[in-house]
Amino acid sequence: MKKRIENVKIAYIGGGSQGWAKRLMNDLALEARISGTVALYDIHPEAARQNAKIGNLLSEREEAVGKWTYEATGDIQEALTDADFVIISILPGSFQEMASDVHVPEKYGIYQSVGDTVGPGGMIRALRTIPIYKKIAESIKQYSPEAWVINYTNPMTLCTRTLYEVFPAIKAFGCCHEVFDVQHLLADMVEEATGEKVERRQDIHVNVIGINHFTWIDRASYQNIDLLPLYKQFALKYAETGFEKEPGSWERSVFSSANRVKFDLFNRYGLIAAAGDRHLAEFMPPVYLESPEKVTEWKFHLTPVDFRINDQQSKMERTQKAAAGEEHFELAPSGEEGVAIIAALLGLEELVTNVNVPNNGQIANLPKGAVVETNAVLRFNSVQPVLAGSLPADVHGLVSRHVANQETILRAALDENRQLALNAFINDPLVEPIGLKQAEKLFNEMMDNTKEWIGGGFSHDQNAYASS
Amino acid sequence: MKKRIENVKIAYIGGGSQGWAKRLMNDLALEARISGTVALYDIHPEAARQNAKIGNLLSEREEAVGKWTYEATGDIQEALTDADFVIISILPGSFQEMASDVHVPEKYGIYQSVGDTVGPGGMIRALRTIPIYKKIAESIKQYSPEAWVINYTNPMTLCTRTLYEVFPAIKAFGCCHEVFDVQHLLADMVEEATGEKVERRQDIHVNVIGINHFTWIDRASYQNIDLLPLYKQFALKYAETGFEKEPGSWERSVFSSANRVKFDLFNRYGLIAAAGDRHLAEFMPPVYLESPEKVTEWKFHLTPVDFRINDQQSKMERTQKAAAGEEHFELAPSGEEGVAIIAALLGLEELVTNVNVPNNGQIANLPKGAVVETNAVLRFNSVQPVLAGSLPADVHGLVSRHVANQETILRAALDENRQLALNAFINDPLVEPIGLKQAEKLFNEMMDNTKEWIGGGFSHDQNAYASS
Amino acid sequence: MKKRIENVKIAYIGGGSQGWAKRLMNDLALEARISGTVALYDIHPEAARQNAKIGNLLSEREEAVGKWTYEATGDIQEALTDADFVIISILPGSFQEMASDVHVPEKYGIYQSVGDTVGPGGMIRALRTIPIYKKIAESIKQYSPEAWVINYTNPMTLCTRTLYEVFPAIKAFGCCHEVFDVQHLLADMVEEATGEKVERRQDIHVNVIGINHFTWIDRASYQNIDLLPLYKQFALKYAETGFEKEPGSWERSVFSSANRVKFDLFNRYGLIAAAGDRHLAEFMPPVYLESPEKVTEWKFHLTPVDFRINDQQSKMERTQKAAAGEEHFELAPSGEEGVAIIAALLGLEELVTNVNVPNNGQIANLPKGAVVETNAVLRFNSVQPVLAGSLPADVHGLVSRHVANQETILRAALDENRQLALNAFINDPLVEPIGLKQAEKLFNEMMDNTKEWIGGGFSHDQNAYASS
Amino acid sequence: MKKRIENVKIAYIGGGSQGWAKRLMNDLALEARISGTVALYDIHPEAARQNAKIGNLLSEREEAVGKWTYEATGDIQEALTDADFVIISILPGSFQEMASDVHVPEKYGIYQSVGDTVGPGGMIRALRTIPIYKKIAESIKQYSPEAWVINYTNPMTLCTRTLYEVFPAIKAFGCCHEVFDVQHLLADMVEEATGEKVERRQDIHVNVIGINHFTWIDRASYQNIDLLPLYKQFALKYAETGFEKEPGSWERSVFSSANRVKFDLFNRYGLIAAAGDRHLAEFMPPVYLESPEKVTEWKFHLTPVDFRINDQQSKMERTQKAAAGEEHFELAPSGEEGVAIIAALLGLEELVTNVNVPNNGQIANLPKGAVVETNAVLRFNSVQPVLAGSLPADVHGLVSRHVANQETILRAALDENRQLALNAFINDPLVEPIGLKQAEKLFNEMMDNTKEWIGGGFSHDQNAYASS
């Protein structure tokens, strides 16, 4: 098809972001079939303005075949009005709260490799994020109820869940690239086993089933090759050493791993865990996260917030240069799927990919309404999950525990019910081992550190009963 | 992908057929990526043998890029053993029973355009077919439990339903081309409205939701064009005249129509009915089938069984010539999807198309377990229906009546419960208007005509109570 | 228990009624354990005032052991505020509209024995009633959200359904005495078969499953006697003659029957239909309602609205006399269960009886949310339906057709969608036989007759398409 | 009703038991309305013979108004044939295996107060019990498919689940008296709060929702008193001291407690936990079972198997005396409900009580098919659970974890899949804190101790992968 679609409007909430926004601008510039306007909304309008400058400079470049106008705004109504798409990618709170999420639990012996999804950090972050998403959902309901809403913020599940809870008719879904990395890993495995090079990540077909960052693959194929038996050998072979295309490369980046956690999970549960090791480890009891030394043994990393602060700093400097036209960067596909998804929803292609939406039967043995991750067929104005089947009993046990905790956190956040939040908190597999009293102490400390972001209903004395 | 897959075995039950088998042979010959053996099983082995001869002659032709060996057999175990695929396309009973199905009700003022799905004919045919499918399911369970089973026989819904009832772990689905014709119609509509030629039927994206031959489309698009508003105008414009690409062409074939039934259903229910008019008409009260004259007014046809007998005769003559090598025919795509489906299940491509399988949530407001028709994603060794949504309340009323009747007929056939069969029979919208007594008389007459094909448990005096 | 509960407040919507209100006053006077206030609200305040007078006179009588104060009001807020119970029993519209519901279809050959539940009359009545119930639900939500709401108005199913649609947290259920009559019939049967007298209707245990007035019993027992085999003989024995305790008594009252319809349904479907014959007949195609003569043959009655008008007139005269203290009447149990239900909800006893509430699994094969009738356990502030099981396939077909029509009518009424209402109308088994064109004509005539009671959105030209 | 029912046959599997069997004999003797035969089946026929002697002696006593003949048999076919009821109460394995279940984990720091439901002991016991129940289910299917089957054996949930898995049409349910004790506690609370004596346990109405031994009450009433607010004060008041009618009495029996665990659970979760503290404690992380000292602080007991052995010894001695007619005991109601249940199923009364059956919607947010505990209405030949509602999100998290583990154990036992059993084992809240390696060591040790009772498929080397 040579169809071209013009005058598309994208509202970007968190438009001052240093990461996702830029990847989107890049990918939009490389997609010749679509053009229009991107409204960058941010509570830090200056950051949005700099991104707008970069975007508009980029759009002027000849090799930018997709032409877009970028506008920064601090007014969410203006951003949303007439939007065809709303992308949400925000930092809930600041690095200060994130530091509390990640590092305060370390005083209690709890190590988290990311701290933004589950575990003590993920839960407190969720309590902070849900009120923000409540407001975003209300704004979308008011200003752009027909727009497609794509969420990138973590905790993905609870962000998406909140949007639907507040505005049930919303056309929203969450996107995550973690599955892609597993497809790449499987492609590497195919190459090792057959000598044949897999051309496109998408040629590795996987059945995705689970919740974001704790997603599983129970069927995988490449052409007519069933990849599960291959993976069984692969996971045993590399159980101890891990597998990397370039051996040792996991040590170079805080985001990398040697896939040992994934292999161990397969050897124990028989399914391919489909996220990065640093995410997977957080959903399990502290097997992989017992201590920083264990983390190194399992060949992945903790992600200190200091690292994030420094990384952010250097990104901002590059942003300033780029906005001033002082830095040139090459246009290249980011590996993200956001623009392909937009193209599909505009009717330009049919796409089967993994999305996060409320369960309506796509996973038979998870509760209706819980936000789950499975494949879906994306077409013009349509996202239809496929029936992904059921999780096996033991994996169901692992996943449904987090589903229950997430539902509890949602209720706690919306009702500002401190006891309920605590009850979810102590049921987390990373928290449970420290015992009820320590857990409660940790909870109180973390809640104090985030108190500006949560409702007054959460105040401590509301807690009808404190275990002594 | 240039992948080639060899040594595929297809078992064809009903391998002596004059229609479907030949289309399959044709399409297999045109698919270069797959080769293997087709075992043609038939209770009339001579017919299968002739088809085998034709198939093998065809395979020798140079332009036949897909090379297959055809073998006829009267032994189902031999046919099924080691089969990767089982295709079922049979005539349940003979034209004699079909004549009873279609024409006996005419004495009571009931006209049927096909008589093989619902209505008095479809129901009696189902009572005859279910025992045959029970045996087929048992054979598949025994000899080829891992094979993919593709059904083409009508009544599609009850054939597929029986396979799953008898062997719940079967990997079966029903395929039907009726939706394709509606995609062609929508493509014609797009051309009329925009002047633009739609290249491929598959570029018309539709959300299929319903039961076989009474399927509905609630979302349709071409590129970024929403086709529902267009169809609204189209259906009103052609409500009286009907629409055909070549005006008047509907009169030339007993299988053709001018789509007036479809337009009328849209104008009343707001959804696109997605089957040929002759099928759709049978699911409704006798609006379109009130009399042969009304059928002509609505611009479609009754299908007399005499026509089928003559047609069969001429096909058989051509078959004999072809088997003797005396008739040459051009290889050309049949328009059917069977081979594309096989290719997808072998991992050669990803295909989104409509299939008939038990409802496991793909249609939210039809009962679990009922065989329904929706889109599915087909991949290597995998058929995953998409979540198609819900039928609107009024259409749900129309469809669920037949779903209940079909479930009743299934129970009646498996238990040989005559009263239960009668209770379904009198609840059919074509039967209901003639009243209970006439309906019971008709039922008894039709049951007598098919008594050799149904179990002895159905004998008349089992009927504990006859309305007087 | 000798517990006494004082200061209970009951709000009675339709408090001017000539029937239900009086039975309630009677039964309240006979229940020594409860006392308080009844607020009689009516859009005809004078009628409510007369009932209040009667109630207060009654309460003064010595034999009235339950002491209540009756107050009439025309202000729904006043009536509802502080109410513990809300009873709703209204006439939607006037006898004029009811005459249209019942008698206009007769011109088209459609006879209805009641005309207030399904059939053309029931459907049009529903379109008139739903807007009234929408307002009542909104008032309850505002003024007495914690009150228990007991509905007696027909169409029972759609009245209750509307209450839940508008105010999902409402504590409402519908009560109907039709099942009681069948318990009495079964008691008579037990006496005939065993010579033993059944002391209390409640000792006949039945499993109730279906929708109001089209309820079924698939299990029935008295002590350790399974009543189904007995009923099988009974229904055959009296299939032709009907059964009455006093032969011929059915002729004396328009509300009576000889149970021939019930027996015929059992003989055909194998379940005990659990409502009066005049209600049951309306849910079926015109077998029993083919003509007034057929109705007589089946030994039940049509209920002319003239009869109701005269009946009402004589009741009103008696009301006036009673309010003036000129007529004495004996206190005696009415046979209704309203007061026993109130006692159970106040914690004075545990009661298992049949109620109408949204399906939440109590009937496995009817849709969630549809209002269904099954048994429930009633206790202090609690109504819990029991799991009643599934309807057999053939009966499911009969019932689910009406469930779909009711859902369609609800949607049509709330959206004021004329076409949708028509689509339900023509799918009714009494309407279907007259054909689409006649049905549409009848629909238009009936809608005209009730146009003052339905929203302007229903105006005729909204109908995008009229079949010609 | 004065109905008498004779010739009832009860088959008692585990008929040599020292506890349950005697209570049943006692209660049968006190029920004048029923008489018949009890077949005592046991794999230790001598024990059954002694019980038969006791039963027959008892039946001869004048005050025994219910007359029964007791027969011992070692032939299950003989026991089951013609049975109206089957009662199952067995010890799976011997005290030797039970000692391993309860005490081996203590070496790893895991203390269990009972060890027969969940926790390491409950899980290993389940692996041993499921094969026995598989055989029992097959026997019932063959010899008494229409009988009502009442289970008393632990683990209750998995015993009942296995019966339904193997014979889905079985009419089985599990009975447990733990809820009764909570009703007694609530009655004591009412007396303390109001000074009024509650006459019958059954007058405390509770809504039971959960799984056996981890059941919850979210609504409770006595007459018109809502007991939840009362319990809130009660649980706070006695949080530290515990509550007993006779202070200090908890120390006298290993089966007693001061309800501190129940109060703590209420204070944290807001629902009344409805089982003894020693059962409840095992479902939670080691808060209450941290150490023997903590158990004493929480005022309940561990139950050493030595105690059971001694207790059994003294019971057997009394049995021998009783069988020899040397010991007289008074007939008095046991407090159990078995005979009342039998009376209800025979049609003599209607009973609302708590039962364990597969979930078919009675608990909205637990999986279909899982065995759950809720109230049910019991009548002639009928057990119908009531719709109990949903567990709140946090309690759902606690309960569903065990539901998933139980499903995993069932699969593991039926498939003899050692890895699957281990995966459930390590997910238990008592096991999780000791870490994966220790847990695996413990699992292996316990499996070795029970290896005679589990299938050969469980052999160690089947474990494809052992974490190192």
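The chains carry the letters A, B, C and D, assigned in the order they are written, with residues numbered from 1 in each.
Going forward, contacts are C-beta pairs under 8 Å (C-beta built on N, C-alpha and C of every residue); 3 or more make two chains touch, one makes a residue touch a chain.
Not measured: the values here are computed from a predicted model.
With steps allowed only between chains in touch, the distance from chain B over to chain D comes to 2.
Distance between chain C and chain D, defined via averaged C-alpha coordinates, is recorded as 44 Å.
Per-chain Cα centroids separate chain A from chain C by 53 Å. In chain A, no residue reaches two or more other chains under the touch definition. If the chains shown are joined wherever they touch, the resulting network closes on itself as one ring, and no chain has more or fewer than two partners. The list of touching chain pairs reads A-B, A-D, B-C, C-D.
The touching residues of chain C, counted against chain B in their complex, run 236, 239-240, 264, 267-270, 285, 287, 290, 365, 367, 392-394, 396-398, 400-401, 404-405, 407-408, 410-411, 419-420, 423-424, 426-427, 429, 432-433, 435-436, 464-465, 467-468. Across the complex, chain C is touched by residues 1, 3, 5, 203, 205, 207, 219, 221-226, 346-348, 350, 352, 360-362, 364, 375-377, 379-382, 384-388 of chain D.
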